[in-house]
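Letters A, B, C, D and E mark the chains as written, and numbering starts fresh at 1 in each.
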Amino acid sequence: MNLWHNFHYAVAMVLFCVGLYAVIMRRNIIKKIIGINIMETSVFLFLISIGYRKGGVAPVHVEGLDPSRMVNPLPQSLILTGIVVAVSITALALSLAILLYRQFGTLDVNRLFREEEEEAG
Amino acid sequence: MPEGAVRSVMPLLPILFPWISLLAIAIFRRRALRLRLWLCFAGSALSFLAVIVLLPSVLDGKTYYFKLASIVEGLEISLYVDTLGYYFSLVLAFMWMLCTLYSISYIDHKQNRYFAFLAMCGSFLIGAAYSRNMFTYFIFYEMMTFGSYPLIIHEETAMARRAGYKYLVYAIGGDVLLFFAIITNYFWGGGNVNFDQWGLPTLAAASKAALLTIFSSYIAGFGVKAAIMPLHGWVPDAHPAAPSPASALLSGVILKAGAFGIMRVIFNLFGIDLMKELGVHWVVAVFACITIVLASVFALTQDNLKRRLAYSSIGQVSYIILGLTMVSRDGTLGGIMQLAHHALMKACLFLCAGVILVRTGKKNISDMKGVGYQLPVSMICFSVCALAMVGTPPSVGFITKWMLGSGAMEAGLPVYVVVLLVSSLLNAAYFLPIIYVAFFRWEGDEEGHHHPALDFNSERDPLMMVPVVILALLVVVVGIWVTVPGFPLSLASRVADLVFP
Amino acid sequence: MKRLVSLLFIGALALLLLYVVSKMPPMGEPTNPTMTHVVPRYLEKSEGEAHARNVVTGVIINYRGFDTLGEVTVIYCALAAVLAVLGREKRGRIRDYVELSGIPSSVIVRTMVALVVPFIVLFSLYVILHGEMSPGGGFQGGAVIGASMIIFTTVFGLHLSSVKVPLKVRAALEGSAVITFFLVGIAGILGGGNFLAYAWPRVSQSLQPALVTWLTVLVEVGIGLGGAMVFVSILFAMVREEGADEPLA
Amino acid sequence: MSGAYRHFPILMVTIPFFGAALLPFLAYLRRKAVPWASAFFLAISGGLGTFLVGKIPPGGHLSYPLGGWEPPYGIELRVDFSGYFLMMAVAGISLAAVIYSRRYIEKEVEGGRITAYYVLFLLMSASMMGFVITGDVFNLFVMMEILSISSYALVAVTGNRNAVRAAFKYLLMGAPSSIMVLLGVGLLYSVTGTLNMADLAARVGDTGYREVLIASYAILVLAFMVKAAVFPLHLWLPDAHSIAPSPISAMLSGLVVAVSAFAVARITFSVFTVHAWGLVGTTLEALAVAGAAAVLFGGIMAIYQKDFKMMIAYSTISHMGYVVLGITALNPEGITGAVYHILDHGIAKACLFMCAGNFIYRKGFRKIEQLKGAWREMPWTCFAFSLAAWSIIGLPPSAGFISKWYLVYGSVRAGKVPYAVVLLVGSILAAVYCFRVVYYMFFQPAKEGDWGERLSEAPASMSVPTWALSLATLFFGVFSYLFLDSLLKAAAQLL
Amino acid sequence: MEPSFGALLNVLLLSLLLVTALLAVSSRDLLASVILFSAYSLLMALMWQRLQAPDLALTEAAVGAGITTVLFLVAIFRTRRREEE
């Protein structure tokens, strides 16, 4: 049973679900976007924890440091890309939110999509 | 490449010639109507010529092969002229030429659309006849199916639209079944659906359930086109709705494409032996018998002439199916011959119906009193063909029925003879009243007026009369000089010899 | 009902994920597959091969350079996306009738910001250029520049910012990250290697370390400039109100 | 493997990136040149691709280690024949769509956003090319993100309120699925320690962490199902695809969802190879059921649509089901069918959307009812529509027939006859919804005032791409034999 | 993991992360959510520093806590601050 040992992972997964909860259940668009961000950072946390090594040090070469003590640099470089992706999606989503508000005067998805049904019907 | 075949472009020519029509239409568009239509006819005539030049060598037993494309190993689009395919192509190219000729003066609006699709369908049908394998056959067959849709709804009346819709529904259903059949056949037949041999040896290894699936899907798929009951629903609507030459082709050729497909399945894919072993041919035969009898009964109740003829076609095409599933040499021979014979008779009947419609505007039989005096030539031709349908000697109809009867006896199943006899009686029952109404009734006959004088004025249009007369003559001539090389018997007996060595 | 189903779904997903976590290799053990397979080479050889003391930078710029090309393309794409959604100002400046923060900025704040911003920019330059030795790098530096511009904008308003960083400059520099990266990649091909090869086979062995270092710096600078401009442009696009463009004076 | 051509795949991907980065500056100098420049960059990209004809060994692949770092250490491009085939499809269809865009976009998109439109368009096409040939799972994620972000924005580019709403819906489903891809990649990495597909394939077999692998596969498939709009997760598609500007609908429907479906194949065959199928069987079966449901659901919904772009969009859902069924058949024929279907569905769907765009451009019509008698005014568009519909239904000799043949054959060979039947029913449904439109166009009299007698075709820069695509459906049907052998070999290689 | 000061700190950080995330998601005041999210990002940056990822910590502090937060704030000022009923 590695669950207690892997509590970093576990917290990351729980955060993932918290984010998903916000995306699915919260009606406000900004909340949904925050949810997306939480999901993203939780996955980053998960990946970085995977790269962690007990008693490790940051992967920067310094005189007299044994490379085998360093933590895994690969997830870190992946996450750097991931962060950029996250901020890009956030920027786009917020722009869309601004535009939606301009056009519909609401940020509540229920109202947005209720109106859609009315238009269709 | 099939064994002993000659690689040659000859099979390609009759497929390409009809496209002259499309070229002509594309070039002239709305100008030079007569020239345009004559060019369309030239296309079909050249196509027929290209078919007929092959006759001597096919009678010698030569086969031709031409590869269009090879999709992957074992699956190619290629043409192959064997006796059976040649036989079908000869019939249909001939019919196509005559009907195109007839259409020139019959079709009076939207000629471009009509002739373009007419030519395309002809080309595809010849391609289907010359297909080397089921895959190629399906491709041509499918294109032909959808290409004939504009022919059916040409008049664009509400009835034609409904008929076209029904046609499409049936056709798509049938084609999907067929597609499924071909794929399963390809899979269980070891990646081979070629017509080179008389029965795929690889197919025999498949399980019985698989074989049954394949066989029944094939029969049902082609059965839609061949109008085996209960899959005939589109026929009685499509025929009256379409212009007469198109109905002639529907009955004479397009229905036969289904029957021809069944021939290919039984002869070339399964082979007679495997079909016998499978032991379901009698089920198909029973369906065919039911169709033969019921269609004739339905025909009796129709007042619309073309509708009656349509039901008659449904019954007559099932003769072919019956002949094939008798599993006897004479039965097979009869079935194959019926393909050509029925085409001659029924096309003539429909073209006559077209003449009546154009000249008198009458559609229903009850209105046709005295038509025989207004249109003597057409009605004589009509009567000749009607009698031939009943099976009166000397005519092609008699030959077919004789052969089928003999086949039934050979197979030891006299019950089929009874079916044939009942059907002949019913045929007589629905054809003779037409002749009676046309010649022995006239306006005012009950008041004792003398019959009107014969009037040849309405039949001056040679474009319409020539095909009618040629077909009626052939019905008799072929019935008398049966054994002339090139007439159906010569080719059909070659096929039968190959199937029953 | 719908809520209940969603909640159940999320709960079930959480339980499943926790179950998976319990089956995962224990965190931090040196024997994990992640520690033994590809990584040792990065750790041991990056200094010699990628000429970066910071292994993360080595991996980002060198070993997995194409990911980073993708990364800068993503951020560039985000800019294009924001502009496609919100539109961009016309040539000229953005009129300033939008007060971004509700707080009236005092003289102290103004002076402080005016004093601090140059230092932030300087710091970010350090972050960019020092990326191969210490934590940091092009993107981080770019982000810091972007943040400094944001502070400037909040205090001095959009109008002045759009004068300081005019459209002309941004339009030219937004793509600089992608362009630099692409050109460096092409140079790799011309230098006889594959796309994005830094150590050109056609160059003699002795020059290669310097080459790699300089190319890395070049790429970092490109990323930094491009990233900063992209952030500034995104911010301008989002802050700008519709029709708030001032024609070119 | 030597020679300059081995650099071409990466150049095909990066040259449009580069072009996209140049566009804003170009727009600053000379705005009129932007559409031409984008077409130029895509044409170079496609032109480079044509040099690769015959260079990819059938049944093998071209491996290109980026930066010269040999595979598991660096990123590898892995161009096998199916990847190359799809890359060329992307290049060709994108080129047609970008040419089509010039006139169409002028009308629908406000001037200041046109540059952004083309930038996004280039990024979208190029990232799709990268997406299909990359040999690294994280790189797959990066390419997918470029693709997704540009797609979200392109849906909203008109600024029309419905469009913005549709784009947001798309983003709301797309972004979590992207994150799930990253999560799946992370799980995969945690038990194998590598990101390279070939290396992963070698290592997934003998790792002891079954549950983690199953979870990662399921998560990846689920995420790509959202992107590919496979049935229960399709909710975003109809709105997004029908409201987007027509060339974008063409790209989204024809390519974007299809390459996402291809990613499922990539994950299944290049990462979890035959050896690991014991792990992923259940997921695959669930996927197949979803695919079958998609075929039927999409087809039936398409029949009931009144708006023709909506109808085409639902048809896409149905066809993604085809692709999924091809992949889950797990045999070379099924995969070949799926890949070929991605191509021919892409061409035909793009053509359909362009025809729809022509009607919208000329008349502003969106309802199927309004197409009655359309052929009098726009005969060529109507003919192109019919040809493309022919391929969508899968009638010979169009390309759709070939792929349908392989899909059904693949299902039969896998012993999954019910799925074969579903595929056939799907084509019946396709026939129903396509014929309705074709019937209205050609055989129904026009409603008063809808259509006149005078010919008014769309401008040449729109008609020509439309026609080119509709003829391409025929070309790839008639000349399918040029590609199928290699595709089959490539597929057999995957297994 | 044996109970040590480091582990305890990690647990504390992680629980704070959970708390801030839940608060950010559940608060009805969007501005409060955003600020909480900013705090969450900062905590995340700290956590990553604890996991020996200084590059990422720097990035997250600049991008997650900085730029993303500002973008959220801009969006809120452009729209409305309170969630609708």
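As a working rule, contacts are C-beta pairs under 8 Å (C-beta built on N, C-alpha and C of every residue); 3 or more make two chains touch, one makes a residue touch a chain.
Since this is a predicted model, take the numbers as computed values, not measurements.
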Which contact partners do chain C and chain D have in common? A
Using the touch definition up top, find the fewest steps from chain A to chain C. 1
Please indicate which chain is farthest from chain A, where distance is taken between mean Cα coordinates of the chains. B
With centres defined as the mean of Cα atoms, the chain at greatest distance from chain C is chain B
By C-alpha centroids, what is the most central chain here? D
Could you state the distance in Å from the CA-based centre of chain B to that of chain E? 79
Between chain C and chain E, what is the gap in Å from one C-alpha centre to the other? 20
Report, in whole Å, the distance between the mean C-alpha point of chain A and the mean C-alpha point of chain D. 27
Inter-centroid spacing, chain B versus chain A (mean Cα positions, whole Å): 69
Which residues belonging to chain D are in contact with no fewer than two other chains? 138, 142, 145, 149, 152-153, 156, 159, 164, 167, 189-190, 195
For chain A, what residues touch not just one other chain but two or more? 5, 8, 14, 16, 20-21, 49-52, 56, 58-60, 70, 74-76, 78, 80-81, 84-85, 87-89, 91-92, 94, 96-99
Would you please write down the residue numbers of chain C that are in contact with two or more other chains? 17, 20, 23-25, 28, 34-35, 38-39, 42, 54, 56, 64, 67, 70-71, 74, 77-78, 81-82, 85, 135, 137, 139, 234, 238
If two chains touch, include that pair; go through all of them. A-C, A-D, A-E, B-D, C-D, C-E
Chain A partner contacts - residues on chain D that touch it in the complex: 138, 142, 145, 149, 152-153, 156, 159, 161-162, 164-165, 167-168, 171-172, 175-176, 178-179, 182-183, 186, 189-190, 195
Please output the residues of chain A touching chain C within their complex, sorted ascending. 1-3, 5-6, 8-10, 13-14, 16-17, 20-21, 24-25, 49-54, 56, 58-62, 67-68, 70, 72-78, 80-81, 84-85, 87-89, 91-92, 94-96, 98-99, 102
Sites on chain D touched by chain B in the complex: 395-397, 401-402, 404-405, 408-409, 412-413, 417, 420-421, 424-425, 427-428, 431, 435, 443, 478-481, 484-485, 488
Residue numbers on chain B that touch chain D, as the complex places them: 69-73, 138-139, 142-143, 146, 153, 156, 161, 164, 168, 172-173, 176, 179-180, 183-184, 186-187
List of chain C residues in touch with chain A within their complex: 3, 6-7, 9-11, 13-14, 17-18, 20-30, 34-35, 38-40, 42-44, 46-47, 53-56, 58-60, 64, 67-68, 70-72, 74-75, 77-78, 81-82, 85-86, 133-135, 137, 139, 234, 237-238, 242
